[in-house]
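In what comes next, chain A is part of two complexes: it sits with chain B in the first one and with chain C in the second one.
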Partner chain A sequence: MRPLGLRLLDFAETLRAGIFPARLSGWTPYLYLLPATLVTGILAIGLAEMAETSLHVLDRATFRLDPAYTTANYAAIFGKPVYLRIILKTGLAALLVTLLTLLLAFPYAYLLVRTPHPRLRRLLLVALFLPFLLGQVIRAYGWLIVLGKQGLLNAALALVGLGPVSLIYTYGGVVLGLVQYMLPFAVLLLAPALTAIPREVELASESLGASPRRTFRHIVLPLARPGLVAAGVVVFTLTVTDFAMPEIMGGGANDFIANAIYDAFFQLSDPGMGAALGIVLTVFASLIVALAFLLVGVAALGHGAQQDMRAGS
Partner chain B sequence: MQPRDGQTAEKAPPMVRVEKVSKRFDSVLAVAEVDFTLETGAFLTILGPSGCGKTTLLRMIAGFIEPTAGEIWIHGRPVRDLPPYRRSIGMVFQKLALFPHMTAAQNIAYPLRMRGFPRDEIAGRVERYLRLVRLEGLGGRRIHELSGGQQQRVAIARALVFEPDLLLLDEPLAALDRKLRQEMQLEFRRIQKELGVTTVNVTHDQREALVMSDRVMVMDAGRIQQMAVPETVYHRPENRFVAGFLGLTNFLPGQLLESRAGRARLRVGALTLAGTIADPSILPGTRVEAALRAERLRILEEATGEGWEVVEAEILEVVFEGERLVYSARAEALGEVPLRFVDADPLRHRRHRPGERVRLGWRPSDLMIFRADPEAPTRIGQPEREDNG
Partner chain C sequence: MADPHRKPELPRRRFLLGSAAAVAAPYVLRLPRALAREKPAEIIVRAWGGVWEEALRKGVSDPFTAMTGIPVRHDLTEDNEIRPKIWAAVDQGRVPPIHVNWDTTTNATKSALRGVTEDLGGLANLEGLLPLAKPAGLDGWPLVNVYSYAYVLAYSQKAFPDRAPESWTAMLDPAFRKRVAMYDDGIGLFAPAQVAGGGKFEDIPEAMEPCWDFFRRLRANQPLLGEDPDFTNWFQNDEIDLACTIISNAREARQNGIAVSWTVPGEGATLDTDALWIPKGLPENELYWAEQYVNFALSAEAQQVWCNALGLPPVRPGLEPPADLVGDVAYPASEADLGRFLRIPTPVLVEHESSWFEKVNEIMQG
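And then the complex of A and B:
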């Protein structure tokens, strides 16, 4: 008599063979892809439904969507200065935040990667992750405490006889909050790209007659481009779709598209307009991402560039 | 002819003068009072084990590391205050450090661009150096489209194209397989001779040092152990370390009996042996070690005449290495340490089997006597620093 454990395994094996015969095993890899495909598929269905919804206007008498198809919502978005201003403000903020974040993140990531002191590296990592763990809403409220009318900053300014300055509920405040929020994302995306640049390559450039500044411009920057693009795309898309920071730090006067979508759904009860805004946002963000990839190639997000570097070393 | 060890020619200043240079990393003395000069056009190889300080020394010459003490002169000029990019030095790195986002030609043009050469001269020079390293027509290739040997050639062309005073080689051949390495050794040598550029090479490969160099500097524990032409370093090592680092060497521990005018006798086990001694300061009674190169020891088949020192031995092991056989044997009269010796012509000689008893012989002039390695001296040296990711 075979031991019970083995007999159970045999039974399980027979069961498996019945359900999933061995000749289908070539399909196993595709089977593993199924869950992710399903999730993405559901998103696509949602997107299609959103597109459909966006083609109906709200009947203000019944507060139901008019079943007739129309592009009136889109005409309203691109015709009314209110919406145009919001789109413009969102795009400008995303551009500003992306530039500022990359500017701040690059030296941070470079130091993180290049420092010979493990203790400094640890400190930089902890400092990076600590606020990262807090979440956006808590951080936005944190900014209110620091920058508010009776906040730390104004208290400090009052001590030296200055102020008060108003930083919250301003466009600049929203951008500031977003840059701080995006910094860890950008550093984490830049660090691997910088790690892939061997230190020897920089030394070689210096020995060949390039000052550190020119080494940075001709060697480090071009080799870090995949990381810069990846970080830029992530920061841009996260910013352009952001809701919490303009909601809390903007004080209602500095809405982004996401806030307008929220208002359309929950303040105006106009799902048609909300959906149309959503589609505009999706198309806008997708175009930017597509443009970025067109500029550097899709390989930028993968490891294509790093393989190049290894081949060269 | 190359001037011999450290004797400076009166006329022009030497290309490189390293004056009592030391480097300390925290508590580790990586390079200790290294002092030498190198004439224009010479090819020096710094040879030593990992952590002997050779790479640190090279990087100090390049300007990547600042000496703790001492002064380095290049072309008669102290370079302490010159950053690497202001020194006229071409360097080939261990991992080549080619720029992957540029073509071979762009890599070679880089130092010219950085040094502000006119555009048309850059094109001409790049062509000329591509030809010099035998890469005609491959200038448009990306780095990853080139083979390992071709990448080596781009790296050396890039380091030489701006006609630097000095070429530094930081073990660029270490990663190659043996065959390609030997080919590139000769290739580097050819290019160096053709251009006459003063070169400092760093390696732990003794064969490379002997093949490529006009002069070899053996380093250990941050200090120069010996600096001389390759033949001298190999045949007349100045101390036990050099004798052991180059070639396959047997060491017989013993006690010095007498020493006069370069000849000496020592006691090893129950025997009294004659040999040569380079250091006249070793007094009789001192613990010494006699070094005997494996290729100087041989099996004596029949009774041989004058001039041979002979011991009985038992063969322990035979290793076939292709062009030679490497034996190890135990000679009871010399102690328990196995003696290794080679048969360089295995086709013509009978192959001896383990357990066989043979007569081993050598000439007294081949027995070199050194002060014994003081067991585990305060070993100074730095852990190999890998700066690259």
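And then the complex of A and C:
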């Protein structure tokens, strides 16, 4: 008699064949795509709803949306300098934060991956995860304590007869807070890409006479491209949609698009304008990310890029 | 034998009984109705945090719980954030997330215009309130104003050791660059800015360029923009010297030991009101107890404690002002005192305030 395990497997196979016959096996890849399609589909329905809402203006006699369709909200967004300034400020901050975060995250991730000392690796991991677990709002308030008029920084400056300096409630303060917030995301995305680069490749380069700088430029950096692209895209999209940091660190005068959306929905009670700003933000962020993929290629995200480079090297 | 000098007792007893019955009548008559209403597990009241919530708890919520046995929970969701949630709940026929909304009168009026507020016209304690309690430009009582408040010019005594600033233009002084503060939407400053900017109060809302010019000049001084609790914190952390804020926030800072004072400058100060309202869609018993909560909030007992804790003049006349605010220029003690203040009519605020917020945002985002 066949063992029970095998019989169960036979039963499962029969059941599978009943539900999903072999002639349909060509559809298997599409079946794998189903969960993602469902999630994206729900998002798309939400986006369509938002797009529809954005085409109505607020009737201030009843505080309901006028049923007539109009593009007046979009005309207001692109006709009023304030919204264009907010879009530009958001875009510039996202670029700055992405650049600065990658610059700081790369050596951190490299050290994390390459250090031969387990204690140092643990220390780096703890230092990375501790603020990560705190959440954005608590970290932003932490910065207020550190950088405030009576904060640690100004207390330290006062000891050497300097200051006080005003770093909070400024654009620079928002960027600083965001860089600190994004650092763990970038390191976590860069670390696997750097781990995938065999140490031997670097050693081979050095043994062939390349300086550490040349090795870094011609070996490490190109092979780390998937991680850099992934980290860059994640940091950029998280920054461009961020709300809490400009709200808390910006002092009210350094709003991002998300803050303008919040104001439209909650302060102005105007869901039409809020939805229009939401669509603009979605399109803006998507275009930038699409441009990034266009420049570096979507394949850069996968290990295929590394394999290609290895094959070519 | 009856003592001819003895005063007749019966009439006195009758008088006392009669008086007591008259006083208790509204409550006694309502008692059977109250007994018929099942008490909800809790009453949820949206409130502002800090000194605002403490005052509500002390003056209204805790005594209400002691009286009825119904716990009161304060929901500290921002007034602007709870509004769309309530609107959506009423539109979709769901039970709203709160029982009572403590709101600005302007925002409450917007909700009334949208038709999401219950009529409070049957509340016994509406009787005898100041005319200020009645919502302007609306039929009936879809909301009730509960007190008035002034947006004062608060200042640190360190920056003004000798005397208070005499004009709102002190906020434009470059000496206070980055050390001035206002609400992030400019609320409270529109009317004084119009006058301090060289315009006339009567020109609001038609000709407000002087107001926007004031804001532009203020922008050059890089003001901090925030909400109620921010002002207390900023004074406490020595981040600011001057702020346009509600007197309660400045008073809280002073009560916390900060050397802060306030004034109503020569141009005047904005006077506004806050309101209580009940969203539509509550189950009948919960609506009944929400009404009782609002009714109690309007009683002399509740108004005395609540408004004194906030340092604000109640809508119930004849109550004692807080000792530290007797004679204070920002605490109107009578109807006549209200004339000193700049009061933009609620219908004007409802119609134009959003566009003013946008304008301030446009200026302040540089």
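As a convention for this text, the second predicted complex is superposed on the first by the 259 of 313 C-alpha atoms of A that agree within 3 Å, B and C clash if a C-alpha of one lies under 4 Å from a C-alpha of the other, contacts with A are read in each partner's own complex, and residues count from 1 in each chain.
The rule is simple: a residue touches a chain if its C-beta (ideal position, glycine included) is under 8 Å from a C-beta of that chain, and two chains touch if they have at least 3 such contacts.
Since this is a predicted model, take the numbers as computed values, not measurements.
Student: Examine A:267 and indicate which partner it touches, taking first as chain B and second as chain C; both and neither are also allowed.
Tutor: Only chain C; A:267 stays clear of chain B.
Student: Is A:82 touching anything from chain B or chain C once the two structures are fitted on A? First, second, both or neither.
Tutor: Only chain C is touched by A:82; chain B is not.
Student: Touch test for A:255: chain B only (first), chain C only (second), both, or neither?
Tutor: second
Student: Thinking of the overlay built on chain A, is A:148 touched by chain B (first), by chain C (second), by both, or by neither?
Tutor: second
Student: First (chain B), second (chain C), both or neither: which does A:169 touch?
Tutor: The answer is second: A:169 touches chain C but not chain B.
Student: Applying the touch criterion given at the start, work out whether A:64 contacts chain B, chain C, both or neither, answering first, second, both or neither.
Tutor: A:64 sits against chain C, while chain B stays out of touch.
Student: Per the contact definition, I'd like the list of chain A residues that touch chain C in the complex.
Tutor: Checking each residue of chain A against chain C gives 60-64, 80-82, 85-86, 89, 148-150, 166, 169, 251-255, 260, 263, 265-271.
Student: Hey, which residues of chain C end up touching chain A in the complex?
Tutor: 78, 80-81, 83-84, 87, 110-111, 113-115, 178, 184-185, 222-226, 237-239, 350-351, 354, 357-358, 361-362, 364-366
Student: What residues on chain A touch chain B, complex-wise?
Tutor: Against chain B, the touching part of chain A is residues 113, 195-201, 203-211, 214, 218-219, 222-223, 307-309, 311-313.
Student: Sort out for me which residues of chain B touch chain A in the complex.
Tutor: 62-64, 83-85, 87, 89-91, 93-101, 110-111, 114-115, 142-144, 151, 158-159, 162, 168, 387-389
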